[in-house]
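Okay, got some structures for you below.
Two complexes follow with subunit A in common, the first pairing it with subunit B and the second with subunit C.
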Partner chain A sequence: MEKAIKKYWPLFVLPTFAAFVIGFIVPFAYGIFLSFCKFTTVVDWKWTGLENYTKIFFVNRKLDTTFLHSLWYTALFTVVTVVIINVVAFTIAMLLTKGIRGTNLFRTVFFLPNLIGGIVLSYIWLMIFNSVLQHFSKTIVSTEWYAFWGMVIVVSWQQIGYMMIIYIAGIQNIPGELIEAARIDGASPAQLLKSVTLPLLMPTITVCTFLSLTNGFKLFDQNLALTGGNPGRLSQLLALNIYDTMYGKTGWEGVGQAKAVIFFILVAVISIIQNRLTTSKEVQQ
Partner chain B sequence: MAKKNNDPAAKKRKGADVSTVRKAKHGGLLTAIFAIISIVWISPVLIVLLNSFKRKAYIFRNPFGLSTVSITKGWDKWTAGVKKTFVGLLNYTNAIKKTNFFRSFGYSLFITVGSVLLIVLCCSMCAWYITRVKNLATQGIYLLCLFSMIVPFQMVMFTLSKFANMLHLSNPLGIIIVYLGFGAGLAVFMFTGFVKSISIEIEEAAMIDGCTPIQTYFQVVLPIMKPTVVTVAILDAMWIWNDYLLPALVLNVNKYKTIPIAVQFLKQSHGQIDWGAMMAVLVLAIVPIIVFYLIAQKYIIEGVMAGAVKG
Partner chain C sequence: MKKQVISVILSAAMAAGMLAGSVVSVSAEATGKVYLLNFKPESDEAWQELAAAYTDETGVEVNVLTAAAGTYSDTLKSEMAKSEAPTIFNIGNTAAAQTWDEYTLDLADSELYSHLTDKSLSIVYNDKVAAVANCYECYGIIYNKTILSDYCTLDGAVVADPSEITSLDTLVAVAEDINSRIDEINDEFGYELTEAFASAGLDDGSSWRFSGHLANMPLYYEFKDDGADLVAGEPEIKGTYLDNYKKVWDMYVGTSAADPKTLNSGALNAEMELGMGEAVFYQNGDWEFAALTNPDNGYLVEAEDLDMMPIYFGVDDENEGLCVGTENYWAVNAKAPQEDIDATLEFLNWVITSDTGREAITDKMGLSAPFDTFTDDFASKNAFAASAAQLMADGKTSVAWSFNATPNVDTWRKDVVTALTAYTDGTGEWDAVVTAFVDGWAEQWKLAEEAAE
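This part shows the complex of A and B:
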């Protein structure tokens, strides 16, 4: 059969592969190359070696902390959102698998914000935040911490429903007999949770943790629409910082591209760790 | 054990699952609590809906109220205040004019539907081929697809938008090809996972009966793949409909604005935000999503569940 199919590659593979080359392979490879160049468009490049990479941290021989600030700001943001999203989503999922009346309706409502895009969501909340904060003569960009918690609320509201759906699927996959057996053996609800439910949910927990982790790390739309990086670039997450460097000032495109390469390596490392953890868990079962 | 049975707190906690009488009681309480949380959860959307009918000046002054005066000042004054606060559909007509909303809606719809159809068709075909034909090239494509899934958009945004420009893809038709390219990784990965689970005997039987590979694919393989088709379609539709940065960089935004771009431009073009128009646009942007959600809810929820298990 393989032989018969083989000659049909122009029909089956070529369209996707051609688009993949245009949409991914060439931009990616050329992006790596350009991170070592000075350029303003893709054709006027001049090789400058590692200059872009040093310029991320040192400008005129002086330490520039903008990128480092946005790095730890992003890390903190990611940790906070991962914890909030997963704890709340798991709790709601546990309660919504007890078979109470209205379960389907509640599930529908909790999931809804996830379908609304980041830009639209952010303007909804921008209106609410600023109309509440004006009573205290503040706005969402008064300090970077107002911006921080504003984004945490928006992102949590958006993603809790999504993770809840995944947790519900995971909880429903736990065999009922196991819970029943533990109960007959006299396990308290706390023991049941700690020794039966949570261990069996580990694959789901890993998936959700890493989904929210990469989501937090790559967050852009909400950052752009809600705070725009204000006040004074202090609430820039990594993705917005890269965008701002690349398109904000001419002559800095290369530095932006170099930042993007570092960003890519960070995201790749997280993804590879996730992959390791997920597969090792699968082997154990 | 005996101690536990005498412990009322433990009984209470356990109660929900023990007896039917208790179940109903606790279920009722939980339902009530969840009903309240649900209303709070959805309230931002409701507040936007309410404010979309208000006069610009009153949106920020009193976003949660209905009238400019308190109801304690008497019914007549209160209703006069209500009249002063609300402007009917003025914000909507304003917003539609300012953003050219129906045009944006058309672009969003065209780009989303076109991209999803193309991704589903091309990537499922590609996935079937690279699973059934094993050689270095197909293995290489598969690994590249896996790899592309861990690359953030920022890594390619500059070069991708410039290349798209050079290749004249900066229009709604061209961006569909860009979406196929950038979305291929996940789609091929998910389809490949499914093809691996299909037994090859059915296809072989079809081929022995005289089907060409094309017939085999469309009449045998594609129908079996339907669940994954739905999953990929839902995940990609959610992504593309709401995507902001890729179209903002690739498209010629002076001519073509998708809905997220139109919303964002409502801020940029005026410096300050016209909150009346903004509220109306937000409602207009949310309504199609809710309609789609209510129609396709079952598939969306299943798609998310399946996508998470595999992705």
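This part shows the complex of A and C:
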């Protein structure tokens, strides 16, 4: 059997590999190529070199800060959501692994928001926000900060349940005897958390921070449906900014593509760093 | 063994490729095909039926694909990249003609163009007739004739008859008077009026009425002054008539019940306000006729309550008619195979000359078509379109759709709306609107020019 696998592995790999090449490698490489071109349809391009990349920052020879604005706005949004989602999800997971009554019901309820699509969810929240803010003569897009916290609430509400499930799985994986031993040695609950639970949860934390980090950077649906980038373009996260560049201006498809390449590099670098950081803290049981 | 397996797979793949290739070439050699990428989701069904009818009659294959609302340019971009690209597609304005310049066929010698009654309803770009309008629309201020007439019978009403409203000043006076006497009107006639003007929503679903349609007025009068092409525009504008724009906008906001600070909430529904008899005036176009009179919507207004007046702008009110134009132009894909192009032109001609085609356009799609073949039974049944025709017959000049000249439409409008929102909710100054309007125009024009090089 093993011999057969050694012999025929290319055959088994082939379908998946072909799908990966067609569905990922080719579009990806082609996308990078297109970021150096002026194009209307993807098969009809003209090489323009680095022009698209300079147009991201300089429009009509003037510094254009829309991309930089959505860059830091997105970064801030990601930091805030990563912290809120993980802290709250972890806390709920701790509470729901203590064996209180109705644990399963609570888990289901907290997980439910994650089953609703981002667009629908955002439209529902839009109505809620606006009907509340109406009393103060404000809307969710009155300023970029209303929009910011609106998105933070929606995204947190949606993702906390999902991360909670992963944390619960991680917590249940911690061997009972380790905790028991720590207790017998006289560890306080705080010490228990700091020296036993958290170190043993590091693999889970790696996964959850990675997921919430990339989700934060890639956020599109909720941004589009909840704020549409308003007021002006001030609440545009990166993905929406790219989309807006691609379709908002005649002949700017290439610039949108160039932004997408920068976006990719950024997300890749940040998630690699995050992965290194948290993985290095993982311990062997 | 390994090599054998691989070679078998490779030859199978090769054979499959050849097979696929031969299938494609056989079908392409037959007759031409038509592929219409439809712009209006509401007319999808009518187009599908029309396509089937044409195939039954002539055997020519006609595919119709309709892009979901608001996604036409995305869909067009991806469809055009395919080997079987659309042969007929919609372009909305000169800017789109620029984007798709390499794809648009010169329609000057087509029968379609020869049937066009008003040649200004075509897009001429790069010395060719790039696209021909398939319908024309009009917009202005829709008003509830019944309520307005009842108001006129009140003591001290500003006018004695709706027809006396023929200038911006009169309209402002009437709207303000109605708005201040809501309770009196409701008590007297039993209406449930809440405002004179329906809410001026500044959310993305409604703001185009002001950054597009209302902005058309200052653009039109300025282009006219400068002797520029009324729908192609000019690279720089001065904003000569922006004070009038402000006056109209202040009237919309000031005589409406909506809170000026929350106009961008997206919760407002101006169509409903007019339909339910809560508002008297509502700036929009003749496409609203179907929605307002559709019994399924449950509106209180009837067809005979509805009429439309020009957006009086305080410039040339006595001669001004409704704004007549279109954003729906047919362009034919010049990169399609010749037999497909021939089949496409024949199909389009059939649509505007055959009874089946004309009936579908007038009755099922409810459009007013600008071709000389649409007479008698096939003339439009839309009351607003009739008002436009009446005003034209009275010698008024229809206002051209000058906003079709807007460079980088979405970007420019977004900037104007942002400034307008800030001005309206009190966080910004009017000057910012003027800057977005005038400077933004020049800037986007330059960018669009650059992109065209």
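A few comments on the model shown:
Keep this in mind: the second predicted complex is superposed on the first by the 249 of 285 C-alpha atoms of A that agree within 3 Å, B and C clash if a C-alpha of one lies under 4 Å from a C-alpha of the other, contacts with A are read in each partner's own complex, and residues count from 1 in each chain.
Keep in mind that, in the parts below, a contact is a pair of C-beta atoms (placed from the backbone, for glycine too) under 8 Å apart; a residue touches a chain by one contact, two chains touch by 3 or more.
A quick note: this is a predicted structure, and the numbers were derived from the prediction, not measured.
Judged by the touch definition given at the top, the superposed model places A:Q134 against both subunit B and subunit C. After superposition on the shared chain, subunit A has more residues touched by B, the comparison being subunit B against subunit C. Contact with subunit C, but none with subunit B, is seen for A:P231 once the two complexes are overlaid on the shared chain. Legend: residue contacts after superposition of the two complexes on their common chain; A:V87 is shown touching neither subunit B nor subunit C.
In the superposed model, A:T41 lies in contact with both subunit B and subunit C. Of the two partner chains, subunit C is the only one touched by A:T250; subunit B is not. Of the two partner chains, neither subunit B nor subunit C is touched by A:L50.
Look at A:N60: by the touch rule set out above, it reaches subunit C but stays clear of subunit B. Within the superposed three-chain model, A:V79 lies out of touch with both subunit B and subunit C [touch as defined at top]. Using the contact criterion defined above for the overlaid structures, shared-chain residue A:G186 touches subunit B, although it does not reach subunit C.
The residues of subunit A shared by its contacts with subunit B and with subunit C are 8, 11, 41-42, 127, 130-131, 134, 253.
Those residues of subunit A whose C-beta lies close enough to touch subunit C in the complex are 7-8, 10-11, 14, 38, 40-44, 59-60, 126-127, 130-131, 133-134, 137-142, 228, 230-233, 244, 247-253. Interface residues of subunit B, counted against subunit A in their complex, comprise 1, 4, 10, 13-14, 16-17, 27-28, 30-31, 34-35, 37-38, 41-42, 44-45, 47-48, 51, 59-60, 63, 122-123, 125-126, 128-130, 132-134, 138, 141, 144-145, 148-160, 162-164, 166-167, 169, 177-182, 184-185, 188, 200, 203-204, 207, 213-214, 217, 238, 241-245, 259-260, 263-264, 267, 273, 275, 278-279, 282, 285-286, 289-290, 292-293, 297, 300-301, 304-305, 308-309, 311. Chain contact summary for the complex, subunit A toward subunit B: residues 1-2, 4-6, 8-9, 11-13, 15-17, 19-28, 30-31, 34, 41-42, 95-96, 98-102, 105-120, 123-125, 127-128, 130-131, 134, 157, 162, 165-166, 169, 186, 188-189, 207-208, 211, 218, 220-221, 224-225, 239, 242-243, 246, 253, 256-257, 260-261, 263-264, 267-268, 271-272. The residues of subunit C lying in touch with subunit A in their complex are 1-2, 5-6, 9, 73-74, 77-78, 80-81, 95, 98-100, 102, 203-204, 259, 261-262, 264-267, 407-408, 410-411, 414-415, 418, 421-422, 425, 443-444, 446-448, 450-452.
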